[in-house]
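Here's the structure, in structure tokens; my notes come after.
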Amino acid sequence: MKLDRTIRRKRKKGIKVLGTVIIFIVIAIVFVTYVFPIFWMGVTSLKTKVQIFDPVPKIFFKPTMNNYKTFIGTAEGGEVGAGRAGAATSFIAAMGRSILMTTSVTLLSLLLGTMAAYVLSRYRMPGKDDLMFVILSTRMLPPIVVLVPISLLFTNIGLKDTYIGFLLLYTMFNMAFSVWIMKSFFDDVPFSFEEAAMCDGYTRLRAFLKVVLPMVKPGLAATAIFCGILVWNEFLFAIVIGTRKWVFMPPTIFTMSYGAEGIIWGVLAASSLIYIVPVLVFVYLVRKNLLRGITFGVIRG
Amino acid sequence: MVVLAVMVLGTFSIGFAKGGKDKDEGPITLRLLYFQWAPGNALAKTAAGYEAFTGGKVKAETELPGFNEWYAKWLSSIQAQEYVWDIIVIDSQWLGMAVDADSAVDLTSLIGNKPFVKQIPPTMKPYYMGDPTDSGKIWSVPLEADAELMIYRQDLFEDPANMKAFKAKYGYDLPSPPDTWYNVRDIAEFFYDPENEFYGYINKYGVPYDVITWDFNQVLWSFGGAFWDRETKTAEGYINSPIAVEAMEFYKSLSEFAPPGWQNAAFEETVQSMSQGLVAMAVEWSSFAPSITDPEHSKVHDKVGFAVPPRGPKAHYVSLGGQPMTISAYSPYQQEAADFIEWFYESEQIWTFAENHGHPAYMDVLSSQRFWDILPQNKALYEALPYVRDIWNIPVYNELLQASQELLNSAVTGSKPIKEALDELAAKSQSILDGFYK
Amino acid sequence: MGETTKRKKTRRGITDKQLKYLFLMPCIVLLVFLILYPLIWSAYLSFTDYRAVQGRFRLFPGLVKEKPGVKQIKPNAVGFKNYKDVLRDEYIWKHYRTTGKFVIFSVLVQSIIGLGLALLFNREFKGKGIITTLILAPMMLSPVVVGMFWRYMLEPNWGVIDYALNTFFGLPRIEWLAHEKTALFGIIIADTWMWSPFMFLFCLAGVSAIPKYLYEAAEVNKASGWFMFSHITFPLMWPLMMIAMIFRTMDAFKLFDIGWGMTQGGPGFSSQTVSMLLYRDAFLSSKTGVSCAFAYILLILIVALSNIYIKYLLKARAR
């Protein structure tokens, strides 16, 4: 009898171990599939053009750091670097601008979106669903349609190629996402929490700030990430509205990646990899916030 | 909370401090726009000397975005009628759009009677300095002259074993370079060896930008056909004429000897196929070719030859590309820009441009040995001069281009029967032309 | 002392109504300010034959002082001609079919992958943080770069993917982007690679928020894995997943950068989605009037479809 139970337990454990191993194999396969192209970009960034277009792609070769150097602007000689309009496209300047703009827009989008989402979540209003839908519809239009009118509008108001112009424009792009995501998270926090707080003497505003907001941190993190990524990689309006002064990184990457023979793929790969590092770092830092749910053990109906 | 507030305020205040637009102070800065490639860099290097010449009063800054961005930036500035640059270098076909939008300055009085204009090769003049409004005005000045060239593996062509085998198979000597388009087909067939990953001929058959239209045109013209008639603004009966069908059938037959993926081939694929030693022949713009002879970028850098593209049964034409300069109508510095252009065309500057791998449309340069020694393809460019031809620098150029790219590609890939595709193209082009001119 | 302070705060605190407006207004104002003008501009022009390269069109002439040298134009009104032309164009529906194929395929595949990955990752293991972050890397790249780079990888002559398939699996070199049937598929692959992490992230956020005691309770009652999934996991993560799907669908409709970088709609126009066609018409061809009509038709279509789509999803949620 005792032996039976031990065998059964061992078998159960065996199955469990096997199950875990399979799961880890799957995770590994998934990981490799997703990361391979990025790995390949890394490999490409270390190659010269002859090697990049070789019909037999090699993994083992003599690597060169030239592409990275070109991008950062420390490469010696060569034609890449000549004729760039002043300091506007230098690596550090463009990176600084991109970081500044992304941070600003993310903060503003979070601010406006969270405020609006809170109101839309908590208050009864006539036509609330319609309003939500209208907000959503601002994201449905392909950007190319609004390119010319926005360009004209900005020129007339004097917002062309300015910090405020880009700030308002990119925040507007992010509004729909910000509002919808945050509202969904707010909807999951029962009103009883604010009620309790207000009974304790908190004002509505304070209850919002001190009680509700901390509970929707995953929403804030998710919204921040995606609003940030959108601005970080935005290209079309960056090249059209940012004519001289506000030259961001995505157009700069392309400017740097062209040479006498067309696109220097090595530089393109190198610069793209460098450019995602800040985002990766940011996501890694907030990942705990992202995944921790509402931990109050709330029963959802 | 406090930390967050500080961060927010800090960010915004940095932003506002860096603030708004540039204020122009000090010397007048002429802004030039071109794109990033060898001739672009050549322009930038040459223009950089202008500040010294004017004693610091005027300087010239060149903006060199990537190729696609150049197009997008210019187009959006035209569509919004904005002042961003003073001198804009445009692709030759865009002239119609620039003039139609009144965004290019009429240069007839500013430049028209300057001595350097005489230096511009007569066959190029109608295209680089032509008038889309057909009223004899001048709107642009050539900067970069470009034509399609035949690039071929001279080492293979002149290898005695190959020559012998070719003569045995086809009955005539292997012409090095190829003499007619029919030669090209025979040679492509001869060298086609997919098992060893070597192919005969690559061309830009793809849909991106303007590639297949320009590459097909020289075949079309050399067969005696035409895309349209400029006088009567008619496409119907031209692009779908029996000659055009014949030309397309021939063009399509060449694709049998192309490397895989040819249906999508654009600049990159063509240049790389040659540089990696995958094809025996390629037809490509001379300005895109420098890397093929660069040991850092090419496996066959010392094995290729450049020549004028071959002639057809009825005529000999070569597609003309290149980029002229225009002066922006919104610029407050039009006279300064004209002065700059005049300075640029002085012998010293033109040679600086040429030595940095630019190709000026300047007879004294193009015809000199010194120019031919700079790059191997320069001599071929000069030899192509009598045969160059361009099309469509009219305002509706882009609409015509979208139609022709799609339909020519459909015809050559076989997704539509040739006659049907060409008929459709003729009908579409005709309706576009009618819509604009009638 | 404390009591007085509290009362003071409550009196000076913002009232509910003020809060409502204070919070909602900035968002609404921003949207109105930046969306309204383009909408009116495009609406007006959709009834004209205006081409933006012809000259400057002023919606409210006289409002802004005109710079010298800028050509003013009063566009010709053509009534509903643009709309009729767009709807009657023989190729429009092919483009919509291509777009529809793309949207359905990619959103479906990405959702399934995202869901699967989320379930897979909903456990602790070493390096989870780093691995998860790296899997999110694809969507952090610029879409233009992703398109171009995938084009390079899928190239039959020197692309690594065909090389690997050839060397390790003995398959012939597939010309992904050169054939009509497979060009769109190539774009779907690149788009899925880039955006399934998006679905993965939202599903994971939803899944990891489910309190553990629910599972424990179910286990105690000897519930099967499937029961737990369909009655606990799925319903509780559905709200977030649904929103992610909505946004993914809208973005898939607008797909441009990846597709353009890979094929520019080729070969022919077999892989051209509606937004690529819009780009050609609105921007490259400068057919501003016609493309405004096209854009409005597209907008109405998307609005109608998403209305149905969202109502359906919300009903599924209520269930």
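For reference, chains read A, B and C in written order, and residue numbers begin at 1 within each chain.
Note that in this section contacts are C-beta pairs under 8 Å (C-beta built on N, C-alpha and C of every residue); 3 or more make two chains touch, one makes a residue touch a chain.
The model shown is predicted, which means the values in this text are computed figures rather than measured ones.
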**Chain labels contacting subunit A and also subunit C** = B
**Complete:** Note: of the two pairs A-B and B-C, more contacts are counted for A-B
**Asked** How far is the middle of subunit A from the middle of subunit C, if each middle is the mean of its Cα atoms, in Å?
**Response** 14
**Request:** Please report how many Å separate the Cα centroid of subunit B from that of subunit C, as a whole number.
**Result:** 35
**Message:** Multi-chain contacts only, two chains or more: what residues does subunit B have there?
**Reply:** 72, 76, 79-80, 272, 276, 278
**Message:** Quick check on subunit A: which residues sit in contact with 2+ other chains?
**Reply:** 53-55, 111, 147-148, 152, 254, 263
**Item:** Shared-contact residues (touching 2 or more other chains) in subunit C
**Value:** 52, 56, 157-158, 283, 288
**Asked** Which residues of subunit B touch subunit A in their complex?
**Response** 1, 7-8, 11-12, 14-16, 18-22, 31, 35-38, 40-41, 43-45, 48, 61-69, 72-73, 76-77, 79-80, 82, 84, 197, 267-268, 271-272, 275-276, 278, 288, 290-291, 294, 296-299, 357
**Prompt:** Which subunit C residues qualify as touching subunit A in the complex?
**Reply:** 6, 9-10, 13-16, 19-20, 22-24, 26-28, 30-31, 33-35, 37-38, 41-42, 52, 56, 64, 117, 120-121, 123, 125, 129-145, 148-150, 152-153, 157-160, 163, 193, 197-198, 201-202, 204-205, 208-211, 213, 236, 239-240, 243, 246-247, 250-251, 253-254, 256-257, 275, 278-279, 282-283, 288, 291-292, 295, 298-299, 302-303, 306-307, 310
**Of all residues in subunit C, those that touch subunit B in their complex** = 52-56, 67, 69-71, 155-158, 173, 175, 177-180, 183, 263-270, 280, 283-288
**Residue numbers on subunit B that touch subunit C, as the complex places them** = 72, 75-76, 78-81, 83, 97, 100-102, 206-209, 259-264, 269, 272-273, 276, 278, 329-330, 395-396, 398-399, 401-402, 406-407, 409-410, 413, 415-416
**Prompt:** In their shared complex, at which residues does subunit A touch subunit B?
**Reply:** 48-50, 53-55, 79, 82-86, 100-101, 103-104, 107, 111, 147-148, 151-152, 155, 158, 160-164, 167, 209, 236, 239-240, 243-245, 251, 254-255, 257-263
